[in-house]
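Let me begin by handing over the structure; questions about it come next.
Just so it is clear, A, B and C label the chains in written order, and each chain counts residues from 1 on its own.
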Amino acid sequence: MNARNRRSAAAIVLALLLLLIAPRFLERGTLNDLWSIAFAIVLASAWNILGGFAGQISIGYSAFLGIGAYTTALLSLKGVGPYWTLPLGALLGAAFSYVVGLPTFRLRGPYFTIATIGVSEAVRVYAAGVSYTGGSSGLRMPPGTFDFGRDYAAMMILAAAVVLLSLWIRSSPFGKALFAIRQDIDAAEALGIHSTRVKLVAHAVSAAIVALAGGLFAINFQYISPGSVFDFRLSLSIVLMPIVGGIGTVAGPILGAIIFSYLQIKLLSTPALRDSYLFLYGGLLMVVMLFEPRGLVGAWQRLQGLVRPPMRKAMPRA
Amino acid sequence: MSKILGVLADSLLAGGLYATMAYGLAVIYGVMRIINLAHAGFLMLGAYATLFLFTRFHIDPFVSLAVVLPAFFLIGVALYLAVVRRLPRSGATPSMESLLLLFGLWLVLQNLAYAIWGGDTQSILTGYTMKSISFGGVRVGVPLVLVFAASAMSLLVLTLFLKRTYVGKAIRAVTANRDAALISGVNADRISATAFGLGTAFAAMAGTLMSTLYAFTPDFGRSFLLKAFCIIVLGGMESAAGVALGAFVLALLENVMGAYTPIPTTFQDAISFSLLVIVLVLLPQGLPRLFTRISRPAHTR
Amino acid sequence: MPEALLAVSGVSKRFGGLLALNTVSFEVEAGQIYGVIGPNGAGKTTLFSCLVGAARPTAGEIRFRGGRIDGLPNWAVVSRGVVRTHQIVRPFRQMTVRENVSVGAHFGAGRRRGAEAASRVGAILEKTGLAPRAEALAGTLTIGESKRLEIARALATEPSVLCLDEVMGGLNPSEIQGAMSLIRTLREAGLTVLLIEHHVHAVVGLSDRILVLNFGERIAEGAPAGVMRDPAVISAYLGEDAPEGTPS
């Protein structure tokens, strides 16, 4: 890790410590919002490992969230302690990512993206049709599995861990392989990178993290249904957060997640806006693609370039 | 025996509709190398436009095409000029920017429909919705026959347009060999605008036709979008005939699965989506590549 | 009889109706500089693609150290020690020069990590004259620097066989001199070098043996002096420009 990374890592650990003692000072409502923001950061940063660093845009991550959430709910209903179910959920998420990735990583760019829509829709239709997911009435977690203090701390730690992991990946040989794949997959292979294996590993890591978040989601909300965890909208917002913030950077997904969670909290509390989230998502996506495909981080760097004398500024660190 | 005939007849009729649905996607992809995810949005809006004309002015859905087609053609052209043209041009493979931009547009269109018509399920009931006729012992619904007739006619007109008119020939030229066509003086902007208008109009037309067969919501279109992908990947993008073939193959698969396998209908769509993935994977970058190889063996790369 | 380091026998490659390579055979001994020349479209780059596994030969066999490498994917061939550069440079534009080279060090045949990788990358940057530009983004390099970056990345993979595809194209005379002396240094360090080059002059000056391709077929092979006097070679080049520096 270089000096820049060490500083960032120190800042994250400090933020985590502050957030962990925050329950002594803040109200429950605020803590709930913090939980939602941390949840969004986990999803966005995890997606960014494959979608941002390696440039493989998947619109199908709700499948992993759903797998994690249902593993936790179904096992908890069998009497397993909810936190003991998390590793299995993560493992199943990673396993499913492998099953999906093995064939679809032969596809490139938009073709891969289309295939991921197909996979997630197939999973959604399947989940809504089988009985063990509780169908449209969903599943309720057994009583006694909820403890907000514990669940809050768990989500904060997971969010900090994912960001630290992103920092580490960015500076590691593995990260360089991901950047190389994003920029020119043939040239990456020509230097000895087994691109399919690297993509599969990145996919598995991010899927496992999203599945973990899904388990925590089930514990915190105590109720899940195919409509809440396998939803297309969810896949969508997982993609949108990093894109709006700045795809392929460490800060971008965090920024995007904070903005999105804030907007979502606002939307939910304003009845007139409740039905306009698609305008918001779609409009943001169009604006970013038309004006600054590198997202807010890209816009910020462009702004800096205007203020400072023109020098060779670093691009978003691939 | 009549069961087989019934399945074949249903597949043929549904195939016509699927071809109309997929063609709009194919023409935009062919000319601009853009995967138009907003296609699903126009499909849905076409259905709602027909509903509006039907409930407000009592215009028959099939007659409403006379309004829907030109209106959506103009909407498509306007969208191209206002938005799509601003994107960096796609290379040999579609750019991620165009995919995501049109994805955003789809969401906006969906929200538009929610805002205007709400989220309730809508359907159009005409005097002939429930009627059926029989051909040599095979009973088929009247709307399905009408839908097939309209689809077949539109594809015929389209083929004539592509073969006989200057713009049509230019569209075919750009689809077959983009660089060569652009070098030889084809006005890329004009052709792209026409293609986008055409694609949009065909999407809306498919929506109109579907509104006579299915109930719909603003979310309507997503599953059909994936089917449309499946079709153009199966059939190739070079010709209306290829699209029609792909459409028939998909419709046949669905009908055969429905009639001869115990797979519950709730999972039908899951199968189509999985099929999409399988087709994409087994024919990397799509059948078009295979298709060009077969049709132009001397083509050097 | 000791087997050649790299043995290509009867390799063909078909793209649709075009036969880009037609049953080409040749052998390269360890430590040789081996030139491949031919008019445009002769199949030189396709041959390199087949050698490193970027393309799969339609027919024939390629053996490296006695083991077959045809049909292996590109990355697997590189990790066995056969690497190539691209005629049209393909740097990772949003990475620095140093990061570009370190990708090769991390993932080639060497698979170096940490300080070991860093010191190797530093040495290669020095050797290729890129050290002053190490922290520049690869997208900002001149064409001459980009060509050197291609070589540097390939060297970082620690190959036994280095296939250079037109690394002198677009360079000025002094840069060409620099490239030629770099290639000689590499051979002295024990590398086997395959060389596609449009500057026939440079190939003749450097190579121990030369293979001449025309329309995908081998029309001559042997020591440079003999090959360049071969009537088949001269007539192949009469079709287009006479090769620069052809002994007349």
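One rule holds in what follows: a residue touches a chain if its C-beta (ideal position, glycine included) is under 8 Å from a C-beta of that chain, and two chains touch if they have at least 3 such contacts.
Since the model is a prediction, treat every value here as computed from it, not as a measurement.
> Which chains, taken as a pair, are joined by the highest number of C-beta contacts?
That would be the chain pair A-B.
> Tell me, please, which chain's centre (mean of its C-alpha atoms) is farthest from the centre of chain A?
Result for max centroid distance from chain A is chain C.
> Return the chain label for which the distance between chain Cα mean and whole-protein Cα mean is smallest.
Checking distances from each chain centre to the full centroid gives A.
> Per the centroid of Cα atoms for each chain, what is the distance between chain A and chain B, given in Å?
Chain centroid spacing, chain A to chain B, equals 33 Å.
> Distance-wise, how many Å sit between the C-alpha centres of chain A and chain C, to the nearest whole number?
So the centre of chain A lies 42 Å away from the centre of chain C.
> How far is the middle of chain B from the middle of chain C, if each middle is the mean of its Cα atoms, in Å?
48
> Help me check something: in the complex, which residues belonging to chain A touch chain C?
173, 176-177, 179-180, 183-184, 186-195, 312, 314-316, 318
> Under the definition above, what is the set of chain A residues touching chain B in their complex?
Interface residues on chain A, with respect to chain B: 55, 57, 59, 103-104, 106-111, 113-115, 117-119, 121-123, 125-126, 128-129, 232, 236, 243, 275-279, 281-286, 288-290, 293.
> What does chain C use to touch chain A in their complex?
52, 54, 73-76, 78-79, 83-84, 86, 90-95, 99, 102-104, 106-109, 113, 117, 136-137, 139-140, 153-154, 156-157
> Mind pulling up the chain B residues that touch chain A in the complex?
35, 83, 86-87, 93-101, 103-112, 114-115, 222-223, 226, 229, 264, 266-267, 269-271, 273-274, 276-278, 280-281, 284-286
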